[in-house]
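After the structure tokens below, expect a handful of questions from me.
For reference, chains read A, B, C and D in written order, and residue numbers begin at 1 within each chain.
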Amino acid sequence: MKEKVRVGVIGAGAIGLHHSRSLAHHIQGAELASVADPDPEAARRAAALAPQAAATTDHRALLADPHIDAVIIASPNDTHALLIEEASKAGKHVFCEKPLALDLPSADAALAAVSKSGVKLQVGFQRRFDPGFRKARGVIQEGELGQVELIVSTTRDPKPPSLEFMRRSGGLFSDTLIHDLDCVRFLSGLEAVAVYATASTMFLPGGAEEGFVDTAVTSLRLETGALAVITNSLRAAYGYEVATEALGEKGKVTVGQEQQTGVRRYGADGVWNDHVDHFLDRFRDAYLAELAHFIECVASDRQPEVSGEDGRAALVLALLAARSFREGRPLSVDEASQR
Amino acid sequence: MKEKVRVGVIGAGAIGLHHSRSLAHHIQGAELASVADPDPEAARRAAALAPQAAATTDHRALLADPHIDAVIIASPNDTHALLIEEASKAGKHVFCEKPLALDLPSADAALAAVSKSGVKLQVGFQRRFDPGFRKARGVIQEGELGQVELIVSTTRDPKPPSLEFMRRSGGLFSDTLIHDLDCVRFLSGLEAVAVYATASTMFLPGGAEEGFVDTAVTSLRLETGALAVITNSLRAAYGYEVATEALGEKGKVTVGQEQQTGVRRYGADGVWNDHVDHFLDRFRDAYLAELAHFIECVASDRQPEVSGEDGRAALVLALLAARSFREGRPLSVDEASQR
Amino acid sequence: MKEKVRVGVIGAGAIGLHHSRSLAHHIQGAELASVADPDPEAARRAAALAPQAAATTDHRALLADPHIDAVIIASPNDTHALLIEEASKAGKHVFCEKPLALDLPSADAALAAVSKSGVKLQVGFQRRFDPGFRKARGVIQEGELGQVELIVSTTRDPKPPSLEFMRRSGGLFSDTLIHDLDCVRFLSGLEAVAVYATASTMFLPGGAEEGFVDTAVTSLRLETGALAVITNSLRAAYGYEVATEALGEKGKVTVGQEQQTGVRRYGADGVWNDHVDHFLDRFRDAYLAELAHFIECVASDRQPEVSGEDGRAALVLALLAARSFREGRPLSVDEASQR
Amino acid sequence: MKEKVRVGVIGAGAIGLHHSRSLAHHIQGAELASVADPDPEAARRAAALAPQAAATTDHRALLADPHIDAVIIASPNDTHALLIEEASKAGKHVFCEKPLALDLPSADAALAAVSKSGVKLQVGFQRRFDPGFRKARGVIQEGELGQVELIVSTTRDPKPPSLEFMRRSGGLFSDTLIHDLDCVRFLSGLEAVAVYATASTMFLPGGAEEGFVDTAVTSLRLETGALAVITNSLRAAYGYEVATEALGEKGKVTVGQEQQTGVRRYGADGVWNDHVDHFLDRFRDAYLAELAHFIECVASDRQPEVSGEDGRAALVLALLAARSFREGRPLSVDEASQR
């Protein structure tokens, strides 16, 4: 096993900075070696977390550094696929934030490059490393629910991102829904066969003009006939919300709705408790665990649990949901998922 | 105001028996006068709840009784519309269990008869009388959520009914979903403009052969662009479940998931509490309140809160959901709802 | 079995009125025959609930009525014992609100009269008829917790009563704590061997001058060495609160903290739900069930579950708690409880 | 400000190992320099967490090391006071696990040494750094509850320690209750004026023979007349439990009863969720935060929030509770707390 995996981080926004901090301080086997971001200040701030880390505005310099073993891709979504290709060609193992790509041809090109170079690829579906989601999956996979009949998954962001962000992220379907789609696959162990999405632009300033939705309901038919439905919203005044339930013949299992602290206040108006405000609060442990898993896989030459195929399968469904909404009809997965 | 409203109950199954008991013992202004059921034993058992009540196997005899002021229709769903017509023609005020009918022409004929005779009609959407749903509606209607963006409604029955029951009830869409459809209208104050339903027969013995589904996801687009989604299941091992959430710009309000008692057990395996097992446990107060409301409206010559139009509007959506599922495509409400 | 038990209610304050309503409308085998209260208006209001019921300001007239089978004593606490005696001598079965008396000699005189006349006596510890407390007792008595080690019981009233009320009720120890004391006996099936109480007058206007406390902590040692502790307050801004936990070798069971409705609101400030405001809301079913039990016992000549001895045992502890507080030292139960 | 605070850890049991790990990996400004434990293997295991850390069986060697700035005392309770003295004399800043000492003279000698040498001392009441307890204190100190009237605090350990451990820890009062005593002071900002404790040995094998209790109820009178009560148990089959409520004129605030994950299972038997099993799970963030605070105070020459006086005040009450139990009577704090 390698002593230390030397890691470069590409993209030093909120999540890139967070991963940099984890690598610098919290993950034993990793060393934060370099951070690349077009914004030199952002790159410097993240690199400053580790004494030995370099900052650069040119990710190609980072990829060219022979001392770097692996990269974290935390740049805008529309750059993911190409960066995976470049990193693979440079022989770097890749941890890539979701989504894998914004279209299937790019995704397939990226996966082909990974396959050819033999590097490891992990996609950032961090819910798979959340203790709650893992336990729920265990409950289901061990048969405690019997056959799964229905999954309901909810993701709501506290505030919508800027239009500029949405233009690069691909919007609600590619950026938010994709977590729930992976979650349905992860919990049920089943593939979807049909998708229908309805959506609205209820509050996103300028969203309607550019075709960006902020509220969506996506229903899936799974291969066994089981159903799944996902509700997404880009705004929730009460904070960040992720909640999932899986119903089967013997009962159901739910994950979600944590409080920030265990404090409750009781007054003349009723009873009050707080809520989780931010996805980094909700998934702090999961973000750390997914990164630790990646580093361990690189160090011990194992395949990561969340594969490129998982990233592709969720992307197929997200793209199909977007198209279903645009075309106003349910779509079959079959054709869409062919390579 | 009338001293006592004399009431005949048509149909003495579970819910007819329950209403008979309420009329006999718990509603001041009412008197249980007669019970009609094809099964003489069922009619007798319900009539026995009040010393003065008669039992009959012929509902026409009940309708012909000049001392009876009002009737409760609690017979199989496929008889509702015709019984409303007959009762109206007999000059009896009508409280009719949902659904109003199993098809639109029958519903419209029933409503025309009601209109012509001038009797009062209340449809049995008891959730509108549940303190929780009333409070949630108040929160929304007073603007505490701002504009409503999304409603999620869940109804799950503990066990599927018999196929025989389903043949007369019209199945999941007419019998179960219709509660959620009314609930969406009640909470939001909005009408739906489009419906899409996907459904499966996952466990209902013999259901697939006859086209009955047991698991369904129905999504609605409301007139403002807001969305609603409803999940139904005819089986939930943990009991009866009704849960609703409404999301708006200032937050959300939820109703649901009560316990039967406030008891929790803490052991080596975790923490345990009970769940509500039966719809009569969950909505006991609401069933009483809706009936008391009807009796009060009859006694004081006021129009009941839940009108025939409300019954028709929910039916339009339920029929549309069933058709959307059969045809595999979303449907617009416009044409369907025309008289 | 008797057709109808004819019942007189003595005392038509809040709880007397409530019991009158239950007798008039909700309990099959009972008939509200008469209501006595020094305030003629209060008597009339309660009697008006049943067409046949008489109103009087003289409870002796009620006791002299040969058609009355049983009485509910819902008058001020300082009249309970004497009224039990009078009713027993008049041959009426007695349901008496807690406490049995405000001192032991009076309690013993009342119990002697009951015993001599052979009437039935039930004391109004309604928690014993609450589904939650019954289930908790079942859990304990069936050994699911193993040996009980600790019981924690809480009763908090929304608002302190008037000083005038307190003068007649005997104060916090006799009027409020006594519920928890009975609850400890009921849940554990164990007797206390020592009592220590500490208390304060934190907010009761004029309370300190007259020696009335509003906040108290009472600890008990039970016969097995298990401990119990009770906290009481006469004010809780958030409503009425009853909460109990019992800890044993295999875990714990808790009862309590119900909501009024299942509604929760989620806003920018957090999550909010309501609380139970009034003891009649919290224990509505229990008040009905205890009365139904009493009527059934009278009708079928059985001994009620909550006996005069239970009333006495709780009173012994309440008086001891008050004395422990006054004397500033723990007291043994032994001597105090001897007749 | 110092670049890095070099820290020695004395005692490498569960909590010493945990603190060593925090210093090695999670606290920026600290460096784990040395670990001392009579068990060389334990010392080695903890020291192995940081490449540069030394291991020794002789804490005096550690204290003699001129490169060490501060020490963490995580050895058995009966060694705390003397180690504080020695560390102070060696000029090391001290973070000492609770309790400060097992008797007052030792505590005072330790505090005198700290005072004389001018080193900083922080006592390990980690609840003061828990976000929930901090928020609750904020609610109270900002007057949201109005005057505090009652505090109820609960600490229950999953399993009793060995008798050997108890002999060195001082038992339930010094080792467990002391957390709740500090918590009452922290939340209320009030001092106790009287203490009464009752306790039992219900399950601790061999405990009764040596005078060790496993179940205790301790009530306090605070300087304003407000009351506090603490229940402790050394066994809770369902895991580790810390729960606190503070009641005041405007309502109450509670902290506690967290779940390990947000997972709930719903089955035919009811609803199930998990519980926190271990104090390191419940207070992981708090343990880290208290240590980070200490390091920051040392680095920036500030006094830590949890002072030696806080440690002494809680110890006074714990010793008084133990004595109250032995003597079977309430005790006044006055005399006990004099130096």
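Here is the rule we go by: a residue touches a chain if its C-beta (ideal position, glycine included) is under 8 Å from a C-beta of that chain, and two chains touch if they have at least 3 such contacts.
Source: prediction; values computed, not measured.
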{"item": "Chains touching both chain A and chain D", "value": "B, C"}
{"item": "Per Cα centroids, the chain farthest from chain B", "value": "D"}
{"item": "Shared interface numbering between chain D and chain C [over half = same, under half = different]", "value": "same"}
{"item": "Chain centre separation in whole Å, for chain C relative to chain B (CA means)", "value": "39"}
{"item": "Distance from the mean Cα position of chain D to that of chain B, given in whole angstrom", "value": "57"}
{"item": "Per-residue multi-chain contacts in chain B, two or more chains", "value": "236-238, 250-252, 266-268, 274"}
{"item": "Contact set on chain A toward chain C in their complex", "value": "236-238, 259, 266-275"}
{"item": "Partner chain C, residues of chain B touching it in the complex", "value": "25-26, 28, 130-132, 135-136, 139, 144, 250-258, 260-268, 274"}
{"item": "Chain A partner contacts - residues on chain B that touch it in the complex", "value": "147, 149-150, 152, 154, 156, 194, 196, 198-203, 215-217, 219, 221, 224-229, 231, 233, 235-238, 247, 249-252, 328-330"}
